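Okay, so chain A shows up in both of these, paired with chain B first and chain C after.
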Partner chain A sequence: MGTPATTTARPAPARRSRPAPPPRLRTPRRRRGGSPARPRRSVLLTALSALVVLYTLVPLAWLVISATKTQSGLAGSFGLWFDGDFAFFGNIADTFTYDDGVFTRWLLNTLLYVVLGAGGATFLAVLGGYALAKFDFPGRRGVFAVVIGAVAVPGTALAVPTFLMFSEMGLTNTPWAVIIPSLISPFGLYLMWVFATEAIPAELMEAARVDGAGEIRTFFQVCLPLLAPGTVTVLLFTMVQTWNNYFLPLIMIKDPDWYPLTLGLKSWNDQASTAGGEPVFHLVITGSLLTIVPLVAAFLLLQRFWQSGLAAGSVKQ
Partner chain B sequence: MLWRPSGATEKGTAMATPQSVYAGRTASPPARRARRSWTGWGFIGPFTLVFALVFLAPIAYSVHLSLFQDRLVGGTTFVGLDNYEQALRDSEFWAGLGRVSLFLAVQVPVMLFLALLMALALDSGRLYGKGFFRVTIFLPYAVPAVVATLMWGFMYGTRFGLLGDVNEALGTSLPDPLSPDLVLASIGTIVTWEFVGYNMLIFYAALRVIPHSLYEAAEIDGAGQLRVITAIKLPAIRGALVIATIFSIIGSFQLFNEPSILQSLAPNAITTSYTPNLYTYALSFSGQQHNYAATVAIVMGLVTMVIAYVVQLRGMRKAA
Partner chain C sequence: MHKNTARALRGLALACALALGASACGSDDDGGSGEQVSADDVQAALDKGGKITVWAWEPTLEQVAKDFEKEHEGVEVDLVNAGTGNDQYTALQNAVSAGKGVPDVAQIEYYALGQFALDESVTDLSGFGAGEFADAYSPGPWNAVTQGGDAVHALPMDSGPMAMFYNKKVFDKHGIDVPTTWDQYVDAARKLHGADPDAYITSDTGDAGFATSLLWQAGSRPYKVKDGTDVTIDFGDAGAKTYTDTWQQLIDDDLLADTAGWSDEWYQGLGDGSIATLVTGAWMPANFESGVKDAAGDWRVAPMPQWTEGEEVTAENGGSSLALPAAGGNQALAYAFAEYANHGDGVQTRIDSGAFPATAADLKSKEFQASRFEYFGGQQANKIFAESAANVPGDWTYLPYQVYANSVFNDTAGKAYVSGTPLADGLKSWQRKSADYGSQQGFTVH
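Moving on to the complex of A and B:
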């Protein structure tokens, strides 16, 4: 879609520039321009890109608007506009109080899984990445090869045996069944490896050792602070994974008291199709909105971190 | 993370792209200074331990399970490769595999092409409000697959679907996206929605590190924008393209969340063996056929790895 616009718009300035290179020298190149000529803003390209934004935003707009409707309003009014009565706050209150406040319980469960799962995953990845980057130990290459190779193994190939193993260990239907598998993030390990290689000068570690600091002290007091930007990126992405996890809790958790939000919302949604179940679609919708708000907020507020984090691996080039 | 591969593993891409190429060659940075000792194990040990528990042990157990059968008479018996033979003759399995292959052949190119176009548009510096585009297109990535599917499901649905509203308002009769013919395309729309922005950012990050001296040289040679894209930009981000493709393939073969959640809305269109993953799930958790489920999962794993490997070989060979 965007290509024709770019290409038809571009050749003119590029070709014009050939006969007269000297004047170009006067214009300092824009750091992020990324084009041979000075980037000239294009209305057409912007309009075409806006179509993609429409695709990404319409469902979210629908969700926000629908969260203001009562259950009958949902069925009776146009999806992308507000209904007569504004039930947003009522819906939120209902979401939190319905079924003895089970939504709050799911929210706390999710927080527990995120704090222990994502926090633990980040911690293990930072330790491991640091070791891979800064120590030469027997089997180092082997560890790295196995971890990277394992990324390609489909998750479901592991799901059934993990479930059976955990059920023999008595871990299913407990928070541990969700937390323990969340602790491994090969991506996080990789990022921290790359990051630590760059961020920690070997001289600094030598200096710390010469000053008599032990390995643990060197890590926590000297190196860990230098790893902070990479750590935040890994933490953000592992948090999203854990917060959004569905398949793992689906197989591991049978007791609704230990559901995370994702499973809980699904169970509310399915309530309508079970015999004698009360449809609560307005709560499903409001609950969905409440589920994504923290993550969207985190991404918007921490833009600087994750965007530089995504680029972190590329900088070296 | 292994449980949400289409998103999770893809994250490796951003970093893996330009880096891995170099990492292999410049080789072990620590070798320069660090002493070869067991100290490193103190730090990597915890990761390795948990990794063995949640990755290596299940794989080994899976292989073990696939070689046995639970029989009414005689209990669990060793059956060699019988389960694999059964899987290869299982028409439900093949139908599911065919379905995800079709999905893969259509959805992945569409999504990656769209992501690439948007990344090139961002990188061209020709958009008004670049930051807005970058963030809004990425936002769906932060939405859980469950919420995304519920939301799209409502919009697709007849109950209070947006589609019904549009039909009513415009007097049109758009086809039901949850009918058996269209449901796969509808799932593709959801998955594309979830990951297009993520892939866009990966491509964009790779584009940003292209040295500007190349563009200047191209400009002096009189290359147009299209030529710059085909001759400089695309080759420079080939690594990112290959890896994004590989992880999208893995994600497609593991398709589970979206069809599983849409199932309650479209029970006729989405059967319990709609995708190989749904099939595995149904086999082990509704059917209690753990051994056969493990076999199907292993076969799928092998198929995925072979295809990912072929794509990687082809992608890298072109680069040479």
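Moving on to the complex of A and C:
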């Protein structure tokens, strides 16, 4: 798989001034540089991309710069440049020690929710997507309809009914109240389904079966490696979703000891508007920066897989 | 953008909770009906011990809970910060409609109490003998927890009789006199902004709590509630006109800083002199001390400006109570804690950590009034606050669904701050929207 069909490539008609390089060499370059009909860079598109990059990076820059300021320096200085005092490391230390180090607890909670919730959601999505793509069974169309319908229902709309159900089961205010709903990812299932359909040739499974591999072995040893790019994509999606989850824990969890980072930072932020409360904006900002570091790291580490996952199915092979 | 989304989400949750609450409470009849619980029963519960869960965001309760546990062996108080204000009310409504995970004691602000009292999701404390406390609290808070009736829906925890905090350094620098009437306040605003274009008399971007407090002081009584479900909303009275006429001038001449309250910029403005006054509740000093450290010594406290010269009328702003959700567990023990925190020894503990009490005896006590605030240049500010507390007209009523009404203030009346809509028209559209919602919820609205 993945070998470009070099033999079908036609030479680009626009480039005749120089001697045309052999097709075998040109093909990879063409894949990287865009279609042969558009050999030059578009000024408009470059400018637009630059704008989008700026739009995306400015808040991040603001966050990093603000994390170096003291409480009084925050509003007292220009947002996108540094203040006189460089309080970055002091802020980090304060974030981890404020309120008996509750930030660490929130960080571990979030990790727990992500590992079990997003990990579990990915595992279930891979299993389900594979089964739907590769096995023919009665009711498959029905499952398809339900999954598509579930993608359309926003999780927020289900939060309150879910709360009542979990309350009935006595699970509210426990980690399970966040982990169990996070296990369900209709979008992830749909993505894995589409991906599995494309990525696993039926012949390969056939061959594995002929060689005497059971279904379980076929799945784990033959198909799972082929599904890796899709799995990573789903994992990233569910990870971001669980890591940033705010509304579900907000209604499920009342005990600050089980807060994820999102709720914890909100509670610190709310201190500023409480009679007798202590405003800790600098810790909220430093905490926010620390909160996104693991996500950024995950994206950088996994982006290689993610990109190939996104491109899956976009090129006819 | 993010704030709006969060607000929309909260609104959604609240709407769901209200809808669910209404149906759940219809089938649930064991709610508080003034059941008699004697002092002996409460004492027995204390002796027996047990665990109660308290939902509150008031920071001074931490010490109170510790002291209470120390005093009563075997009693455990689980103090949980389940969110501030709206967040907590949504959670409480959800828990009440689910019938599980309901706390034994919950902090509820005065303006929101009506909503919980109406469907009897909080216990009537008159059965515990709380009716006798009428004279123990200042008029504003007591009226808020009884709503003029015999039932006592909660025990007042703190109060916010209003006063004017002003930056003396700024006033002195520009030679401005401290205003005693709202007309003088507008003059001061013009003079200040003229002398220093970066300085504003105060910041106001539209705040329902502040607007209702000013209406209260101006003699307007826009909300009337009969039998709990018969509601009148009218912003057309003389008091409302007094308020809008004056405030409109501040808006028209751009004399108000457009800094949202409680934001980082707002704290900064209080610190650097660009926001020169703050007319708010007496609970504010603790926030000055923790949030505006740089301006220590610059600020002073003066009585609230008057609508009519020579009068002494004030209003309450903010303040909250401790209520016992009807679906909570150990009510006798829960009451013992609420009573300890809001009427017993806990009050002094909370005063010592900077809370402003609602108890009349403490407000009148010499020691309380004599205490000097170093932050305010050694001023005996409690004298002004206590006087203000005594001058609050006790006949103000909020809507039984004020939480919703306040949530739509900025979409209606708040338009006056950002567009050419006159404030008076803004109030009318607030009235309309509040009335519509009331009708939808089954209230008879006039």
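Assorted remarks:
Note that in this section the second predicted complex is superposed on the first by the 258 of 317 C-alpha atoms of A that agree within 3 Å, B and C clash if a C-alpha of one lies under 4 Å from a C-alpha of the other, contacts with A are read in each partner's own complex, and residues count from 1 in each chain.
Keep this in mind: contacts are C-beta pairs under 8 Å (C-beta built on N, C-alpha and C of every residue); 3 or more make two chains touch, one makes a residue touch a chain.
Being a predicted model, the structure only gives us computed values, none of them experimental.
Contact with chain C, but none with chain B, is seen for A:Gly170 once the two complexes are overlaid on the shared chain. Looking at the shared chain after the overlay, A:Gly119 reaches neither chain B nor chain C.
In the superposed model, A:Ser267 makes contact with chain C only, not with chain B.
When the two structures are aligned on the shared chain, A:Leu74 is found in touch with chain B and with chain C. Residue contacts after overlaying the shared chain place A:Lys254 against chain C, while chain B stays out of touching range. Comparing chain C and chain B on the residues of chain A they touch gives the larger count to B.
Once chain A of one complex is fitted onto chain A of the other, the partner contacts of A:Pro229 are absent, as it touches neither chain B nor chain C. Of the two partner chains placed by the overlay, only chain C lies in contact with A:Glu278; chain B stays clear of it. Applying the stated contact rule after C-alpha superposition, one finds that A:Val43 touches chain B and leaves chain C untouched. The residues of chain A shared by its contacts with chain B and with chain C are 74-76, 156, 159-160, 163-164, 247, 251, 270, 273, 281. Residues of chain C touching chain A in their complex: 9, 12-13, 16-17, 20, 55, 57-60, 80-84, 87, 90-91, 94-95, 97-101, 158, 160, 261-265, 267-268, 271-272, 281, 283-284, 286-287, 290-291, 293-294, 318, 353-356. Interface residues of chain A, counted against chain C in their complex, comprise 72, 74-76, 156, 159-160, 163-164, 167-168, 170, 172-173, 247, 250-251, 254-256, 267, 270, 272-279, 281.
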